[in-house]
Amino acid sequence: MATAQTIVLPGDKISLSALPTSPNPNKPLTLGPGLRHIPPSTITTTIAGALVVDTRKNATWVEYNSGRYTPSPSDLVIATVHSSLTEAYNCTLTPHTPYATLPQLAFESATRKTRPILAPNSLVYARILSCTPYTAPELTCVDPSTGKAGGLGPLKGGMVFEISLGMARRLMLGGAKGSVVLLEALAEKVAFEVAVGRNGVLWVHGGEGAQGIKITLAVGRAVQEADEKCLGVKDQRKVVEKALKGL
Amino acid sequence: MTDRRRINAPSGGTSTPIFARTVKDPDSLHTLRPTRARQPDELRKIFLKTGLTPSASGSAYLEIPPADPPTTPSPPASLIPPRSSLKLACAVHGPKPLPRSAPFSPHLILTTTVKFAPFAARARRGYIRDASERDLGVHLETALRGVVIGERWPKSGVEVVVTVLEAEEDVWWGDEFTAGLGRTGGWGLMTVLAGCVTVASAAIADAGIDCVDLVSGGVAAIVRNPDAKGKGRSEGEAETKTEGPYTVLDPCPAEHQEIVAGCVVGYLPGRDEITALWMKGEAGEFAEQVVDRAVQASIATMTVLKEAVKEAAELKFQGSAGGDKGIKSLGVSNDVEMVG
Amino acid sequence: MSSKAVLSHLHRADGSATYSQNGYTIIGAVNGPVDVQRRDELPEEAAIEVNVRPAVGVGGPRERHLESLIQATLRHLILVRSYPRTLIQVTLQVRSLPEEESAGIGSVLTNSSLTLLPHLLNTAFLALLSASIPLSTTLTSAFVVITSSGKLLYSPSSTDILRAQSIRSIHVFAFSAQRSLLLSEGEGEFDVEEWEDACDLAEDRCCRNAGIAGENMDVDGEVMNLADFLRDVVKEKVVKEQKWKTAP
Amino acid sequence: MVPSSHFNHIRDNTDLKLELKIPELNSQFARNSHNIPPYAQNKPPKPPNLALKISMAAKTTEAPSLSFPRDIFAALSPSPFLLAHLSPQTPSTPSIRPNGRAPSEFRKPTIHRGSLTHCSGSAVVRLGDTAVVCGVRGEILLAADIPNPPSAPPQPAATDASDADADDEDDSAELSQLSLLVPNIELATGSTPTHLPGSPPSTLAQSLTARLRALLLSTRLIRARDLRILHRAPPPPDAAATPDVPPTEEAKAYWTLYIDTLFISLDGNAFDAAWAAVVVALRDTRLPRAWWDDDVEAILCSDVPAEARALRLRGLPVAASFAVFAPGGGVGDSAFRDGQEERAWVLSDPDAFEEALCPEVVTVTVDCTGGERRVRRIEKSGGSTVGRELMKGVVQRAEERWKDWLEVFGVGNS
Amino acid sequence: MPREADISANEREFIQQALRENIRLDGRPFDSFRSLELSFGDEYGVADVQLGKTRVIARISAEVTAPFPDRKFDGIFNISTEFSPMASPAFEVGRPTDAEVILSRILEKAIRRGGALDTESLCIIAGTKCFSLRADVHIVDHDGGLIDASCIAVVAALQHFRRPDVAVEGENATIFSIREREPIPLSMLHHPICVTFSYCDSGEIMLVDANLAEEQVREGEVVITMNKHGEVCQIAKYGGTSVDALTLLNCTNVALEKVKDITKFIQSKLEQDAKKRDVGGLMAELSAENAR
């Protein structure tokens, strides 16, 4: 998807030539993270990284993989319930940041009677509905269109592993696009469940018992290793081999 | 121990300079001993001015210069100041709403602080708050509490801060070198407290906080001069009443060889009420008399206080009539010239 | 000048950098945006808290002053308005000083807090980069000394300073990518012209050579300016982060 | 198996968001809820015509509905208020600050010396509504008590101590290593509602203290030799009284100067006032003649005023502070619009209200004694408005300011 | 109040289960340390310790002061541990957390009162002049095991430090700067090392060098300070649940092994560093001193 790539520092002006030129003029230019538009016609970077230009989407943004997660709407996140209010749960997406609120009725077919009771420090897989600089992010565990959970909801058992935001995004992209193959590769051999939170959290559940624990750890550590070492596809396979040998 | 928030003194530690004659011939010191040149019921001049701290909602400055002038104009005979003067600056902040955390209060909450400047006395004072400061704070609070009409300011607080730029001394400095008679210290604090009451009252008035009356402080003491005929006594009315003990208004401890008892009052002349009373020493049967004299003293102070407050009111009125801040500040700066 | 920088090497902090030059080594860490305590919460901006931790002890007024200088400068760089009612926390730990300085040799000027300032600033900025905090521009800071013979020395090592018999004035400058003067602290004795010369020298070393927009022209360490240094650091960062793209 | 539901395709479009500035109205609310003083200040209002001008200006900058009385306007939206004052209505009219001063106009200082009984030197300095009291007090540090004396024992210049050659001697290191200067600034005197006693020194107070100390040392204002108490055994009657001393003498003790600066009132520009107070107090300082007495084994002082010595200060540095008001707020957000650089005013000697609105501040310390104009310190931070060109102007203003102070100090006796 | 965010119930549950299955998250055996790294700065007396992801820097500095009046013949030695937000936003400047208090208390007991340093050797002139030694412990990165890491850092730094040389004639001493005279190593009596055991299931499970996650699920900790001669300098047990005495005994045995390894490790690092510095045999005799 990324065509050109240049290193940018905050305050760099993006020359108009560098901007994508979309075939149809009425398709607006979309600016991604790390870019800001100063009227009338200046576009400068705010974050150091690689400038990515996508002519097809007529979009451009800065790609970087460091720093704290900042919530943005419709992100999938793994949140930790902190406390329960009358109508909603207070959840944390990253430590030491303002709570995100998860309405207690924002679960699949939840009513006053049937709403799930979440103990403090339990995990939920949720989608960010809204968040502005001035309001706490609001979470939901149902797809607003279908009203179905669509995989969202409380996460039972398993273990969470910290991964970089970039890795989280790549896992979201899945398979080829993010060029992460190890989950699929592992899944061919062993059965496990994973959930990826854009807030840099990977939840893995490899079943019960000693074997389950081993699997969970194997998967989790494999991903972490691939993440820390920024492994390409080939090395990922090696890692998978190693991990599977361990089981 | 070092204060990580301030510049600290050399680790070796420093000492106040020792003057040669205090060691070499202590006896000569008597010639320096100040004496009371004014009538027993005569107060020292009081200089009082409000509006010294424009950044506060109310403020006042009080100064009691040393009784007799010889020190100031002509070059003094010695570097050792014969006696201290009293310099107090008071700032009032508020009334302002209490912090969210504070519990509900139906009336105005009064906070009083008295702080000595490092250069307030002969010996340098540290910045750390000490007991005497706390005491004075409490006394001041009691003196003022009854005066302010708190009910008019529910859920609010007011800060009264008195900075002691220069404090009355407890004894004559020479006594620590000459075999001074063993005496209980702390007499100076009484004058300081009286001053605090007066200056605070003026500042509160300046802040436009409703009060039942102005309150002024006054001090009286029973003093005795055993060696009345002693050296350094300037003849004068003081000569007449050498046989102590006798009572004086507004005592300056440096001027008296022995103070038997002392008393401070905060007094509301308007309603003839005493808001605070602090007594020390063995007054014996004279106790009541001393209190009465202290009240006299505060009545005398009151005239000055009234003057200052009226003056300030007028100034403010002019100000609001048509000057702007520039003019006002100029007016204030004039005041200070007298301070110097 | 031999500046070295390592980025994002701490695990707990959101962003971190270690910057070393001329015997100074400073570790910087940035956390944010995080919860802010009510008393320093700002309705429309992110509050910025700077902690300067000297190599020995926890510092005093001098460090507090450095902190407020750095805070004021960063506040101008960081797009504080995009994170209202949050806190951005910058911690700068002095890891090592040139022997002379820690030994307190040399005149007052060379021991003044200014000598430390540019290193703190550069470190703080690198840490912010690593934390990917949105910034309006870059920051590069440099240190210039004017000897009594009127000679200008650019970020001299403490030994250089000792060698240059006596120092008339020392100056710290910080510039943005747009070459605008963000900070200038100078003390000693000098006149405006000298100050300007020092300023020019610092700018020349801090900012990219105007015109050339190339990635970075091949320059040996000597001539290479801080702006290009930054770019290289970032390039390294990106390459590291995106190894997976290129890796087989 | 991997429940694909747990994956989702990257959402560039949702990823991509245009930064939009918070609407002014929004911030209005924020301000509303935050800093209206619950109790109106009893500051005298301006003459009506000026007030009118404000409300006009208000219309241009604020939502048209807003037409407040002056003080409310100031409290509600200080920045537009200040802007309204500064931006001239017609090209002809000069811009005027809310405090009635022109942008380049300083407040007139007044000073008084020697008002404190227990100090070797003291001063009261008033700068508009900022008032400072400074007391200098000399105490004695015995050389014997110095745990780690500076490696090279100070050799006083053998020749006569004419200021000229004493100037060359770089003795500030001695001062700082022995920490003979102990300056401290106390704001917690109720000088402002935010500085109440009982609280430890605020960051501002510490920062000021640090600057004060740095400036005292870097200007080399005080001569170490003035603080040395020299001793030669046996001491001739006139030892140390006459400054010309053979190098055989050793410093038996040092005067340590405690320089305590209390703020009585604070309305902006704390540093200029504090520094002036310190300088005046130091010029006022007289240290008694002191000598080592072998019998008492201690340093004794003479209380004869005539024998007391004044400090021979090097030059007369004066600090002048400025605040830069950039309507954009000077915060990164609004900086660096391409092409047109934003309007900005450099305000001399800012008051508290202005300081609150000006993140960028400049302090220039100059000394023009003996005709040559020297800069002793430049401090500028918090913004990008003042560059080379503006700085020149600022330094000039500072040099003008130096003359003002000179008058107040009382010329000549330096 | 910012405080460490506690870990999710899932993690807690998982970690405990895993431990019962004899599995640690990072696959270590229960009784093994994480990878230990130690490096020294250009200056004397700066030790940079990395224990897994935890990183601690200790710096020794010396100045000349007057000794305490009641201890005329002793020098002064202080350890200061002040956390900064660098290690975690939970640390607030000037407000010590329990972890910080415990850390400083343990180091105090283990190193200072344990008499690792011969303070009398710091005396210059009895009653008037002595060296005041100060160890600043900077927590740079925090992933558990702060006590062990800090102790290693301080002990290593002390061994690495050189104090300025002094010459005393009569009542006045001259202190020589580093350039004037070759500085002198401190005389240490022994090298105490802390080994922290974190226990779960009331001592059934004993973990050496727990990382932050494990620390958060543990029931309590036992800190054992020893030197390589097997002399216990200090034992501290935190956490309510009771632990079988024999387990503790066993811990001391394990601890001794660890202490020996670590002491050796430090020694080797010191020698490497000495070699690095030993240019032109200038410091030959120094490194000799160093080795013994």
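A, B, C, D and E are the chain letters, set down in written order, and residue numbers restart from 1 in every chain.
Keep in mind that, in the parts below, a residue touches a chain if its C-beta (ideal position, glycine included) is under 8 Å from a C-beta of that chain, and two chains touch if they have at least 3 such contacts.
These numbers come from a predicted model, not from an experiment.
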Labels of chains that are neighbours to chain A and to chain D: C, E
Label of the chain whose CA centroid is most distant from the centroid of chain E: B
Pair of chains with maximal C-beta contact number: B-D
Maximum centroid distance from chain C, chain identifier (CA atoms): B
Separation of chain A from chain B, taking each centre as the mean of its C-alpha atoms, in whole Å: 69
Intercentroid distance (Cα basis), chain E paired with chain A, Å: 40
Chain D and chain E: spacing of chain centres that average the CA atoms, whole Å: 44
Chain centre separation (chain B, chain C; CA means) in Å: 52
In chain D, residues with contacts to at least two other chains: 19, 22, 145, 147, 201, 206, 209, 213, 336
Contacts with 2+ other chains: residues of chain E: 2, 65-66, 89, 177
Where chain A touches two or more other chains, by residue: 11, 36, 44, 96, 133-134
Of chain D, residues touching chain E in the complex: 145, 147-148, 151
Contacting residues of chain A [partner chain C, same complex]: 7, 9-12, 34, 36, 44, 46-50, 63-68, 70, 96-98, 133-134, 166, 170, 179-180, 226, 229-235
List of chain C residues in touch with chain D within their complex: 43-45, 60-62, 64-65, 67-69, 72-73, 75-82, 84, 104, 106-109, 111-113, 135-137, 166, 171, 176, 178, 180-192, 195-196, 199
Chain A residues within the chain E interface of the complex: 80, 92, 95-96, 119-123, 155-160, 203, 210, 213-214, 216-217, 221
Contact set on chain B toward chain D in their complex: 5-21, 23, 52-57, 59, 75-81, 84-85, 87, 89, 91-97, 113, 115, 117-122, 124, 127, 129, 159, 161, 163, 165-166, 208, 316, 319-320, 322-326, 328-330, 332-333, 336-337, 339-340
